[in-house]
Amino acid sequence: MSFQFDSLQDFIQMSGHGPFVWACYGITFAVLVYLVFSPLVRRRRLIRQHQAWLKQMDRVREVARQA
Amino acid sequence: MTKPLLELRQLSCERDERPLFSDLNLSCGPGEAVQILGPNGSGKTTLLRTLAGLCREYRGQILWCGEPVSRVGWDYRHNILFIGHRPGIKTALTPRENLAWYSALTDHASRDAIDTALGRAGLPGYEDIPCAQLSAGQLRRVALARLHLSRARVWILDEPFTAIDKSGVAELEALMASHTSNGGLVMLSSHQELALPGLRRVDLMDYPAKWLEPEELHNA
Amino acid sequence: MTKPLLELRQLSCERDERPLFSDLNLSCGPGEAVQILGPNGSGKTTLLRTLAGLCREYRGQILWCGEPVSRVGWDYRHNILFIGHRPGIKTALTPRENLAWYSALTDHASRDAIDTALGRAGLPGYEDIPCAQLSAGQLRRVALARLHLSRARVWILDEPFTAIDKSGVAELEALMASHTSNGGLVMLSSHQELALPGLRRVDLMDYPAKWLEPEELHNA
Amino acid sequence: MPDALAAQTPRPVFAAFLATLRRDLLLAVRLPGDMANPLVFYLIAITLIPLSLGPEREVLAPLAPGVLWVMALLATLLSLDGLFRSDFDDGSLEQLLISPQLLYFSVLAKVLAHWLVTGLPVTLLAPVLGMMLALPSEGYWALCLSLLLGTACMSLVGAMGAALTVSLRRGGLLLSLIVMPLYIPILIFGADVVQNAVLGDPIRFQLAVLGAFVTLAVALAPLAVAGALRISVDAT
Amino acid sequence: MPDALAAQTPRPVFAAFLATLRRDLLLAVRLPGDMANPLVFYLIAITLIPLSLGPEREVLAPLAPGVLWVMALLATLLSLDGLFRSDFDDGSLEQLLISPQLLYFSVLAKVLAHWLVTGLPVTLLAPVLGMMLALPSEGYWALCLSLLLGTACMSLVGAMGAALTVSLRRGGLLLSLIVMPLYIPILIFGADVVQNAVLGDPIRFQLAVLGAFVTLAVALAPLAVAGALRISVDAT
Amino acid sequence: MSNWQWFHRLGSPRWFYYKTEGWVPWLAAVSGILLVLGTVWGLAFAPPDYQQGNSYRIIYLHVPAAFLALIGYYVMAVAGAVGMIWRMKMAFVVMKSAAPIGAALTFLSLVTGAIWGKPTWGTWWEWDARITSMLILLFLYLGIMALQAAFQSRDAADKASALLALIGTVNIPIIYKSVDWWHTLHQPATLKLTSAPTIHSSMLYPLLTMILAFYIFYALVLILYTRAEILRREGRTQWVIDLVKEEAKKP
């Protein structure tokens, strides 16, 4: 098993098929990264929303206690 | 003592995970009329739809003649009549045609019986007019005419008096009274004061929703 | 004497060529509340929709400050607020978003004003919940919250108390009373007894439809 | 006690089946626009084809089988939204669900009524439109036969989509999205029947497959529809 | 008396225009299914074509311009029913009619919102589908340009049909019947733009005609829509 | 009874959330390493194909994506069935999470296939039987997602989309069979899919690596989506409240 290309240039061009191959890998990895990060971002946002809700509940309880 | 017709045990309802009322216990025998009370949004409609078998997200038990409704569903469905916010009337058909369909589903009433029912519901002469040309209250009366035909023992009525005029309300009350005196059961929600003999009032505010307070949750 | 705000002269309405009421004369000044009465199907909704400019099949005249509404339509439309059987609320939007749209059309109220109005209509804390998740009465309250924002002088309300609970009805009555005492005019239909100061009752049965008897037709 | 209030012995389901069928057909008669509409859509959609592709017979004839089938499919698809929508909106769907009747048969009655007012007329109109698209004369019988089976199958399968989306506002196009993948096998075999008939090839196998689809759909679809309706009504 | 109740001086119509536009776009965002649906219909309808006509490129390529246009037309057509329907059903249409605003601008706002969520996405998707139907590469720009003008025109013209049928139950297919004849000129010129571009012929004239249609429709259609809405609401 | 305990535990969102917390880093590490390994191997060290040259290297993405897209549908349908039959809410959460992942992978297999088609067939798109079925699969996924999103009531959304997924399972074999039959009937003479049934082992090993990597990646992403959805649904329960408070203390 060895490196199949003569040079880096060659590796990138892939004898003319470079754009297709690299586009595929680019798109695929973009989608994979999106798949990993979108639930993480969503989780972060949800936690922030829950925190806001908790604060609001505290405020409501405070008002109720004073009334 | 005879068994109660309809019994609710520890019934709790929620909508989209938000609890509405909790631990409602109620046992209704023949000859009773129960008015469900509560401010807007307290869950009256949800309760009545649950009793009719349309909402199935509840905890607790609903018993029909002592058996869980899920077990005696067929018998139960023969014995209830539900009229909700939406009256279930096809506006392209005439009142008579509408009732004919309902009675084919449930009571198999004759055409004469249907005409009599419409007359008694305050719509004599309207049998053959398309329902699209009726006013809000008249439309509601078409739906309520089913009460004259029905042989179901339990009537479940969600705000039946909506859009009905004063004389109509009085007639409806008389009808309910005669139903209960025949051994029927009426469950209804309404914001109006009713003059029904033997009326029981159930206020949903007496069965407050268990809000998930932090401290309570801890013990749960 | 000041001119009446709204004056009906010899007003007759019909639906599909069937006359409902005839020769209704009514003149309403500022500070009045008028309850339209009549059994189901007598034409209350038709009358109110006619006043709002939605039905245009009538005979007779409707005058706004002494001028026919067809001539001063623009001014008139700035001064009326109509809430009918269908509340005009988008269930996919929140109460706040719904009111924001209405106020952009008419009153240009600020966001704070909208929140206050919702609070006063009995919906504090519901500003951001999609209206699909509200009960029948709560939905109605969203529509009625417009009364708190509006600066229209004439309120035209078709059965505003539908689905509203008892405390809600009392609040609404107080709101109407304050509107009339500010020189506004309220026209409403309802089958309930109202406790409004200076309430005038107009029974449509007093203006019976002139059925077109053959001999009359001859003269017409 | 109360013999007046005694529980009924259940009557033959047939009475309710017939009553529902009659009611739906009556509705179609009262609102004749609804009945004519899939037909008219079919007519107009087919008319658009020569307008956009050119009027030459040589161009149109080879396309005719496929186009006639696609447009029949779309016509059926578009009529599906009304299948349960109005019952849902006015509350009679709730009443149907809680009535002491087997939902399977009520659903079957509704689907049958739907097919009688959409699928059947479309099938009967198809030969006329085939003429307009210069369909070779060998294709007419195959067209009718394949559409007869195909539209029945599409009504049944489509009812599942209609039941799932009935509680959603503007379900119409969401419905298309859900239902179209399910229609693809029907389309493939249906269009092929006509194509083969035009070319003089045998069509038995394809017709048998369509028949199998119909049988399967009659047996299973109403059950899925009943489940979907319960879900939709619960969501109100 | 009542300064609190004094009549308002009318604010610039622009505020109401923007508010209506914003509300309709917000609704589209809240119900994202609605927004994606015409798009998805377009996608699926195009997919059905090879399935019924066969997958050969030589068959598909000559049909591509016409089929792409017909299906875009149908996708727009089917989305029209929702344009005023929900406003009518919940009563906000009545409110719009009696509000102290120029109905012309309110209608324009609603149509603009409709185009932004249906016509524009369809236009943007069209090249991808063109690829699937083996559209020759000369046709892509012409396809986009003609659809851009064409869908705008179709939204405006279709709004008239939507307004006329809004008070009718299940207006959907009746709407097709009313609107399709009006769409035929748009279809003819639109499909012709693409066809000519593929063949290398000039397309200026057809594009100019489409542009004229749009201008005319912007000026007149909202007035007709306003009138039709008044009639529909009166008929309730 | 104790045999079924894991099943009941699985039904507990809280249990699932905390149980999988420990798995996430491991899954991420393993799938990351395998993905990089397979990519480098496939791109740089596997020999070029004697017919297609270097463009065949797309297979290392195309085939795993297509595999997982198909398997993802069955994951989703089985989760839906479990939810419907045992009324297990966790199953619905998994089902809802599986839909967008499956749709994304289907999309990937289509896009990589299309890009591959250009150098190989000279066209971006061809109505090949497998391609067509894949496109229909994408529609099924999209339909389920759209239906799920369209309902405002969560229970109804869960049940309706699960029912649709089940209807789809009955239909997928039918669709595949009919599309296959359709295509053999219409087989265009112009092209032949150069599939390599006896792929050389030097090309096969990186492919197997990538397939394994995609499997593990799928598990990872499914868990991440499910955990986020659990947080959304359980927002009013004490354990989430505690968790949120804990989270607030962190910088």
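The letters A, B, C, D, E and F name the chains in turn, as written, and every chain counts its residues from 1.
Keep this in mind: contacts are C-beta pairs under 8 Å (C-beta built on N, C-alpha and C of every residue); 3 or more make two chains touch, one makes a residue touch a chain.
This structure is a prediction, so every number in the text was calculated from the model and none was measured.
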Shared chain contacts [subunit D and subunit F, defined touch]: B, E
For subunit E and subunit F, chains touching each: C, D
Type of subunit B:subunit C copy interface by residue overlap (half), same or different: same
Subunit C-subunit D separation of Cα centroids, rounded to whole Å: 45
Centre-to-centre distance between subunit F and subunit A (centres being mean Cα positions), rounded to whole Å: 17
Separation of subunit B from subunit F, taking each centre as the mean of its C-alpha atoms, in whole Å: 47
Geometric centre distance via CA averages, subunit F-subunit C, whole Å: 56
Per-residue multi-chain contacts in subunit E, two or more chains: 31, 33, 37, 40, 44, 47, 51, 54, 86, 169
Contacts with 2+ other chains: residues of subunit B: 15-16, 57, 85, 91-92
Of all residues in subunit A, the ones touching two or more other chains: none
Chain-chain contacts as defined at top: A-F, B-C, B-D, B-F, C-E, C-F, D-E, D-F, E-F
For the subunit F and subunit D complex, residues of the former touching the latter: 136, 139-140, 142-143, 146-147, 150-153, 155-157, 159-160, 163-164, 167-168, 170-171, 174-175, 177-179, 181-182, 185
Touching residues (chain side subunit F, partner subunit B) in the complex: 153-155, 233, 236-238, 241
Subunit F-facing residues of subunit B, complex: 15-17, 57, 212, 214, 217-218, 220
Contact footprint of subunit B on subunit D as seen in their complex: 1-2, 4-8, 10-11, 15-16, 18-20, 23, 26-27, 30-31, 86, 89-92, 94-101, 230, 233-234, 236
Subunit F-facing residues of subunit E, complex: 31-33, 36-37, 40, 43-44, 47, 50-51, 54-57, 131-132, 134
